[in-house]
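Written out below as structure tokens is the structure these notes cover.
Chain nomenclature is as follows: A, B, C and D, assigned in order of appearance, with residue numbering initiated at 1 for each chain independently.
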Amino acid sequence: MVKLTEWRGKEIFRKYGVSLPRGQVVRSPEEAERAVQAGGVPLPCVIKAQVLAGGRGKGGAVRFASTGAEAREAARAILGLDFQGEKVRELLVEEKLAITRELYVSMTLDRSQRQPVLMASGSGGVEIENVPDEQITRIPVHPFEGLSGFHKRRVIRAWGLSGPVARSADALLDRVWEVFQKEDAELVEINPLAVVGDAVVALDAKVIIEDDATFRHPQYAEVLDDRTPLEEIAREKEIAFVQLDGDIGVIANGAGITMATLDVLQQFGGRPGVFLDLGGTDDPAKVTEAFLLMARAHPKSVFLNIFGGVTRCDTVAKGLVAAMTQVPEGERFPLVARIRGNNEAEGIEILKAAGITARRELKESAQAAVAAAGYTVRDGAVP
Amino acid sequence: MSVLVDSDTKVVVQGITGHQGTVHARQMLAFGTKVVAGVTPGKAGSVVEGVPVFDSVADSVAKTGANATTIFVPAPFAKDALLEAVDAGIRLCVIVTEHIPFHDMLTMYHYARLRGARIIGPNCPGIASPGKAKVGIIPNVVFRPGRVGVVSRSGTLTYEIVNAIKEHGLGQSTCLGLGGDPVVGTSFVDALPLFEQDPETDLVVMVGEIGGTAEEDAAEYIRHHVRKPVVAYVAGRSAPPGKRMGHAGAIIARGKGTAQSKLSALEAAGATVVTFPYEIPDAVAQLLRDRGTR
Amino acid sequence: MSVLVDSDTKVVVQGITGHQGTVHARQMLAFGTKVVAGVTPGKAGSVVEGVPVFDSVADSVAKTGANATTIFVPAPFAKDALLEAVDAGIRLCVIVTEHIPFHDMLTMYHYARLRGARIIGPNCPGIASPGKAKVGIIPNVVFRPGRVGVVSRSGTLTYEIVNAIKEHGLGQSTCLGLGGDPVVGTSFVDALPLFEQDPETDLVVMVGEIGGTAEEDAAEYIRHHVRKPVVAYVAGRSAPPGKRMGHAGAIIARGKGTAQSKLSALEAAGATVVTFPYEIPDAVAQLLRDRGTR
Amino acid sequence: MVKLTEWRGKEIFRKYGVSLPRGQVVRSPEEAERAVQAGGVPLPCVIKAQVLAGGRGKGGAVRFASTGAEAREAARAILGLDFQGEKVRELLVEEKLAITRELYVSMTLDRSQRQPVLMASGSGGVEIENVPDEQITRIPVHPFEGLSGFHKRRVIRAWGLSGPVARSADALLDRVWEVFQKEDAELVEINPLAVVGDAVVALDAKVIIEDDATFRHPQYAEVLDDRTPLEEIAREKEIAFVQLDGDIGVIANGAGITMATLDVLQQFGGRPGVFLDLGGTDDPAKVTEAFLLMARAHPKSVFLNIFGGVTRCDTVAKGLVAAMTQVPEGERFPLVARIRGNNEAEGIEILKAAGITARRELKESAQAAVAAAGYTVRDGAVP
């Protein structure tokens, strides 16, 4: 999931011919002032933090300015923010347009129907989750058929547009579909889409590109998003690695088993801190890398939970033993290992030779990992 | 027959000359599956694990009567491989490949449907019926013939659960791993009727995950159409919203697709919901006993 | 019921506010058809020939329960109109519009098929069952209820033949004009089983044209699957090769699709082949008499 | 059906990136000489008549030249030709390449399957009708799926290509599919497709664009093809009008009834000379125009055969009567009218008032039209 900040989304929109306010990305108060003074961005203007979280307006991450000095001051104020955990490093300075109405439009995937779905509402400018269902038009678009005239007419009718602005909206909808398809997007969202005179203009842009499609769009692989530095390293090594709030590390193989392991840990009072999914591998070196990465996250304990399939138990055991000798002094951690499945006996033997006792039962293993992290083991009963 | 595969299933391995393709061709053969052909363009005439390799699926079907395929080719070429299989007349396509863009899968899914073919996967362990055939990569060791059907969105977790069923002294009719991607060829709703109608299945274990609404949709289906007992487990109760958990499918978005919404729906539909995977075998055994005494 | 339409058929007219749409809505009503709605974007709320007009097919279906459509919209917009109808759940779509690019029709045909809808046409007169319903533009005056089925690639020639059947004292069960374009939604091969299975049809008159291989394909189907008598006529015996004869379908290319190849195939398949259209009524009457005496 | 001459087809190919020999269109012997002397086209070269008929090589419409003078002489010889009824007005002068092999490829429509079909053969450079079926690979391509890698691999294997030339062929096949789809083609044919070094090069180009799609491609509506001048006028007036070898004119409404009428006329010894399909109209002025157009073709007699549906009998009668007063003295013709169907009685009445007797039976009407043209009426029995 490559989440693009507003300005990157708008760069794509511009490529496809979507109408946008004039604007400029800046990274300092001085740049903000120059952007409006050099005339590239007309005054009055709006200055917006380029962060991924929503609710920027309410959160003070969007300000207005009528002079260069005001723009500089607004930029200074926003650049200082730590917005819902994201440091504000970039701002978008844009002209403030005379808006008649604010609309909502997005294109995303309906998994159940296996079809893209176009969502539109005449109530734009607010979080779409807060718009009543009956004010949202949902139109499935078959991938073979694409966006057709009748889909667009339905949206334009729902928006209550006619005349030249309806024609502008018709063209905009084609662009949204094009971006969704051609850029392999998971989400293309414009909120608000503003009516400005006889045209519709994208005031915001939320574009999420599918990770798996970056082989077709290498430019997106480089885009920073909300990953932590360790997550970024993991991505490069093709290890699924997610940092959470707690302090027990979990290494498992497969998303489902990893999640199940977190569930069990939490149930016994542990707080999972790192989710590391080995996936399917038969390379002990990859397992070693995963362990070294885990060590750098400084977990209080680590629970290794493997069911051997494609990833065989002996492969994991070899990788683990190799890693244990390489972990720097300050990064060592207590380990609870549970390995089952393909080549289970060989794996247990290898671990035993390295002084590690492998367990068999998930429940007892989870309790041991919780205890090793220094927590009191709670009863596993579901409340 | 069992669900989707039986001893008449003749399997092609697309990408058989790759490492994964070779390993799993061997495992499928060891399971007793009729692996009749491999396909790797340009490698016609080679033999891998005793299986003849062809340049195209069409050639392999013409020469061997293959009727199912396992696709191991890399993601950028998976769409082509699937379309090729469908055009060659293959009707059961298990896609093991992971990281296929969902835009590709949309085309693949609807094209297969148009042509009357079924996709399982992508990014899935496939399907196996102990004593009959395996099309995919589920480890052979977890199986034992029996009457419990298993259908799951997970990979390894499924192996774990299937194995636990075996260790509890029970066996499986068919085990079907759907894959956890955003767009899958076969969903719970598509799979449940197959188990419901399968005379060799007495009970269905359903293993879900957070993200999407596949489990909620399944609950709706179970409520109206499934008479066999269902034991349901959903992984991800503890997952924080919005964090990516490996599968693209395992994202909680907009308050939908939470473990809680899935578990409530399944419970309301009459399924026996368990909290932890290790509770499944007991729940299964209990339900089978109840059924036996009715 | 008769073939494809009966007294439960509820028709939408897409493009009802255009000249053709209005004229034929009136004619369909005069035939006794349940014309329940018209569709013209932006004209919702108007009434044409007593029929309410809606902005979209979806609206018209929601309000009137329409289950069939006639499409009169100009060629550049016909694809959109058809996709709209199919997406709205319409299952019988008669496309009267001519000059639709075949590349558009390829999409339309396969999309309708994917969704379980049937297209008749494009560039066709549509379908009618006397005393029940007409979806299309065949003149009302040519009909009389009876037991002769007519299926044709031609337009006016069909009216002529249907009328001749009437003037001969016979009547029709269903008359279906397929249209003569290169890509049609329903071909002879698709239509013949419907007539074969229709309990109200005793005999089928098939009217072909030179060009394409639809008649040869039909002959193959008749040989294996049609037990009812078939009277076949093919127009274009005298056409020189390579000249365009109005329909894109009526081109002789590469020695295939000639009148002779079609006539021979139909004769060999057991059809009663006539040389001129005015010979059809006698041939029909004779076959019905033969059948009666068996 | 807009049939494009070779050079127009190649212009399209160039736009899509198909490899072509260097060449130039010329319209005089001098231009041909300049084309090779100015160096735009290297010597030796080939000079080809730009006509639509096939078999140019055997018919003397393709010549080779090694010097400018030879090019001029070759051009002079070809420009004089009347090639299967087409005057040669344009030539394509192209470099003569060092060819290793000649292949065949085309994309067209399979009507029965409702799918595009890719046809390929390793036997290029000859008429594809003369290539044995087993040497032709026919690959249906689903319109939703488009041309995929596996289709292309099959063709390349059939051609027996590998290495760099296979990659060139792979790219060529994508271009053929693109032209077929994006240009709304009925046919895209390259024969021969030549192997030249490590690349495949289109030595010829046969592209037919669908008439009905010219609303998307207005540029093709202007392209001359094999229509006669009267046919061209008819096209502009949207009347289906075809000139044949005989001398009896037929006006009918609908392609099927028109063809059936020709069949009957021929059976009774007449030779149809003009096919005029009124189609569906309720405008008497259009009928009048059609009659005036027919008059300009100087038929010996005209058979009007109408079955009134969309086109009502009274509309036709009105248009006919109006036309009769406007036909110039030298263009009058004997008329046999048969009208049936919608508003038959009104139509008959209008004709009667103008002194024209309408008939009812097709057979007798056809015999009358044959006699009116001065032919002996033959027995209608089929031999």
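The rule is simple: contacts are C-beta pairs under 8 Å (C-beta built on N, C-alpha and C of every residue); 3 or more make two chains touch, one makes a residue touch a chain.
Model, not experiment: these values are computed from the prediction.
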Selected interface, C-D versus B-D, where C-beta contact pairs are more numerous: C-D
Centroid distance [mean C-alpha coordinates] between chain C and chain A, Å: 54
Centre distance in Å when chain A and chain B are each reduced to the mean of their C-alpha atoms: 27
Two or more partner chains touched - positions in chain C: 107, 110, 114
Multi-chain contact sites of chain D, meaning residues that touch two or more partners: 142, 144
Interchain contacts, given as pairs of chains that touch: A-B, A-C, B-C, B-D, C-D
Residue ranges of chain C in contact with chain B within the complex: 110, 113-114
Sites on chain D touched by chain C in the complex: 1, 109, 111-112, 114-116, 129, 142-144, 181, 184, 186, 210-213, 215-216, 240, 242, 244-245, 252-260, 262-267, 272, 275, 277, 279-280, 307-311, 340-342, 361-363, 380, 382
Residue numbers on chain D that touch chain B, as the complex places them: 142, 144-145, 148-150, 153-154, 157
Residues of chain B defined as touching chain A within the complex: 20, 75-76, 98-103, 105-107, 109-110, 125, 137-139, 141-142, 152-160, 163, 180, 182-183, 187, 207, 209-210, 212-214, 217, 235-240, 243-251, 254-255, 275-278
Parts of chain C lying in touch with chain A, wherever the complex brings them together: 41, 55-58, 77, 79-81, 83-84, 87, 107, 110-111, 114
